[in-house]
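Two complexes follow with chain A in common, the first pairing it with chain B and the second with chain C.
Take a look at the complex of A and B:
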């Protein structure tokens, strides 16, 4: 391939990244051993992409993003179970609940940076964990929220069987596809340019005339909203919200996914989520020490492929 | 007497118990190229940081076009019409030269719009290309900033500062760490830019600014030592003592 042809291919890929990602996700269930895993990857892939807005694009490492996945899941679930809100409205409520928590956590956390930022987000997400843990009558406490039985949903007047795994996959994909499209637009916008500028050199961005604290806050809330949408979809998918959704291990998991897939790429976190869940799925059938193997894979990637799986693939394509 | 664009009135700055600047009152005129010089530890950088809004003065006032801006937050200096370049190279290292300038232009013209594609702002993109051409970097537009030569990065920084369409341009040691050839190119650029702008620059090497500046201000131990046209300052006995006493610069 000539250099110009390869360059124009890269430019094409970059311009249509959202469409290409969605195209892959349309055929994805047929590549997976079973559909429930495909849905899991879809939902946690969106979680990782949302997290990466802050991590890969703005340069802020949060250790508290479980709070947004969890509060989105609980918000959606509680709206369905306790208030009988229709499924579509429940998703919206899930997103709004996570935006609420993201606004509070973001407001407090953006005053710090580096390791302190990570610690503050971790501590605040633990507060959210205990809040939901204690509110037993609403959340089911340590048993998790049960009773999200969505067997049929109405879409534009049609009744759709949500118990059929393939149908469920495509309904959830519609939301994920919309989110990816929106995410890609956001990154291509002037706002996206400022995020990268802040990641590269915060004081220079300030000298250019940007209100860095405000931009970070907005990015934090948008990131929380994407993760909240992932949480709401997760609640619909699992029909239960386990309290572990809010656990700090869930916050750690998304850091691993983003690093594994490639934090400096649009689709990397999604690839990371897929790799993580596939490995988990295969390894748990082979050994009870699957976390050890997963940990080793993670260490190998951090040490030898710091660009992650997808980042390394893209770098290889660019070099060709 | 031309219009006063920037003035400090009895400005002082201390860090804990250490007094870096004492009672500096200087007025800067519109359209002039002024240099602030002085030996190491003279307080030039502190003074520059006050002029550019990085530090608030401990005492006294900073007046821009007659308004007190002593306590204005730094990110608002750019929108007031004051832009600066830094002593240490300060660009966005992993972005292309073009993207560096575009982000800077965007701050003034577009802001944070999250809904439109950044490539669709024709005015922003045109201005970014113009500024790259102005500082002689039009051929390096697609190069990543961190891969550029030191002199080029400094020129890129000036293009970014100019993106704010400043009334006043502040340059902190614009030739620091440059080769003689790079220094010559930079001084030519500054002279060219000064034709239609007000520029205040801080410099360590007195010889460099003598040829191109209209006014020289000498700081020493945090105090104003001399102020005037280059010839007068050069022949000032105090200035000679301060500079020659430490060896030639």
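Take a look at the complex of A and C:
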């Protein structure tokens, strides 16, 4: 096989990254120990991909993305439970709620950089946490929001059994696939190029005439919207919204997933989420010291594979 | 996947090789489910899913729940099972996280096809498990405390609550303590649902006795330092201080109050006095603290079923005695299995009916599930921690009162929103 053939293959892969990712996800439930875990990976994978728009592509490390996952989940859940909104509308409301919070947090946070940006996002996400924690009549507070019970959902006039785990997977996959496609389009657009320009050299991007603050703000809000969609889907999947969704540990978890999978790649965060959840799931059934093993794996990756799992695989394929 | 790696080293990667690798991957995937379900027993066993927080702050209690539940399983199997079908316990770690618990419960129902679910050790976690099970029509017997699970909003006919709830425990302790130690009360409360429910339980028990609340001081859950609250509590001069928190918080709060010297004039009361917390905290710290519990092993002096259960537990666990929450694991599993036997079927609706009709005495005297909310009506023990006259190292409490099973000590069905 010639070098050109493999080069064209790589180019093919790059061009159709979203389609390839979706193709893998189509057979994904059969690769996993059980469907509920597959759906978790799907949802948290989207969460990590959305987070990576800021982290990997714009170079902004946010420690407050749980606020968007959580507000999306609560927005969707509250719309369904308290206002009887149909499921599709509830997902939309979830996304809008997280966009709302992302706009406020983004407006305040993009004025800072580096560690200050991380701290401001962390502090603001804690505000969101307490807001939802205190609104007990709507959110259930400490006990969490329960009763997001969808046994049947209507899709284009058909009634679908949402309790069937395989059906649920593919319904949620439809949303995730659309989001991944949109995300890929976004990165391939001139806007995506500006994001990377800001990451590489902010002053230079500014000198080229780009409104850096505005681009950062838009990226922040879009990232929030993707995470909000992930949250809304998570609420439908688990039929509950625990207050832990908004906890800062959830913000930390997504940083870990993105790093583990590879922050400079399109699909890396998704791979990171899958690796993280799968490892956690398998390890907990074997030992109660699973956190120790998971921590060691993480340290090894940060030290020896700074490009992450997917980043290393891609680099290896290209180099070969 | 070594094939791909070798071929890659030799040359580039052809489309054919990618296809082959892909096919290999799919084939591998075909095997994966069986790889993960080696522990699965043959068809025909009665499977009970058991999600408990093996990792996290309540790990010790959760492990005790598992040990006790295994005894109920063994007992059932030793007696020949049900129509030759043996029972099996599928333990899962819920990590004290409601989201993880929901995922694990989905796994248990969808993949492992469990017949029933028993377990949990947190209000939020049991509500999340309950939401998943009730939607799918699977029986869930909760073995941890919550008031919300009895309420009509969360409850379903598949929901059973073997544990006490905060209202019952706080009520029993309140009725004992307020009439004995005085009517002026200060609460030190962990600021979350469980803490608030405890205070509500104390206050409704205190109302007919004319109890006066001097202050309800809230502290954040997981607080380490209580010294800021103690001078204020002292200056309020209450007769009774109710410490409404759980686990480590309780140990820390009681320890600091003891060191501060609050005990000289004030009686310290905890709604749920944990056996494990007392063992961890030590005799001096807890000396004289009064609290409530669902079970204490010294019940064996008066109740034969307690003796029988303790003996089985000791034999299986090197002489250790069961803790309060551990014992609930035993009762929770045994009621479901007994009901299946009584119903003559493992069919959910028939087992629900059998559980509703069950009158049982498994380890602490007579119990039954109330009709409207499936709350287990049972005795509540009032215990006092001691540092002297201990029979052995496990003998840490005196049972100072037993509130006999009575529906009037529960929140009424109407209060919970149930009709009739």
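One rule holds in what follows: the second predicted complex is superposed on the first by the 319 of 320 C-alpha atoms of A that agree within 3 Å, B and C clash if a C-alpha of one lies under 4 Å from a C-alpha of the other, contacts with A are read in each partner's own complex, and residues count from 1 in each chain.
As a working rule, a residue touches a chain if its C-beta (ideal position, glycine included) is under 8 Å from a C-beta of that chain, and two chains touch if they have at least 3 such contacts.
As the structure is a prediction and not an experimental result, all values here were calculated from the model.
Because the two structures share chain A, they can be overlaid on it, and in that overlay chain B and chain C fit beside each other without clashing.
Applying the stated contact rule after C-alpha superposition, one finds that A:206 touches chain B and leaves chain C untouched. By the touch criterion defined above, A:147 reaches chain C but does not reach chain B.
Contact with neither chain B nor chain C is seen for A:159 once the two complexes are overlaid on the shared chain. In the superposition on chain A, contact of A:5 is made with chain C only, not with chain B. By the document's definition of touching, of the two partners only chain B reaches A:215; chain C does not. Once chain A of one complex is fitted onto chain A of the other, the partner contacts of A:190 are limited to chain B, with no touch recorded for chain C.
In the superposed pair of complexes, A:242 makes contact with chain C only, with no contact to chain B. In the superposed three-chain model, the partner touching more residues of chain A is C, compared with the other of chain B and chain C.
Minimum C-alpha separation, chain B to chain C, in the superposed model: 22 Å. Touched by chain B in one complex and by chain C in the other is not one residue of chain A. Contacts from chain B toward chain A in the complex involve residues 74-79, 83-84, 86, 90-95, 99, 102-104, 106-108, 110-119, 121, 160, 163-164. Residues 1-3, 5-6, 9, 27, 30-37, 40, 141-144, 146-149, 151, 163, 165, 234, 238-240, 242-245, 282, 284-285, 288, 290-291, 317, 320 of chain A are the ones that touch chain C when the two sit in their complex.
Those residues of chain A lying in contact with chain B across their complex are 185-186, 188-194, 196-197, 200-201, 203-212, 215, 218.
Interface of chain C with chain A (complex): residues 8, 11-15, 25-26, 29-30, 32-33, 36-37, 54-55, 59, 92-93, 95, 97-99, 102-103, 106-107, 110-111, 123-124, 127-128, 130-132, 135-136, 146, 148, 153-154, 192-194.
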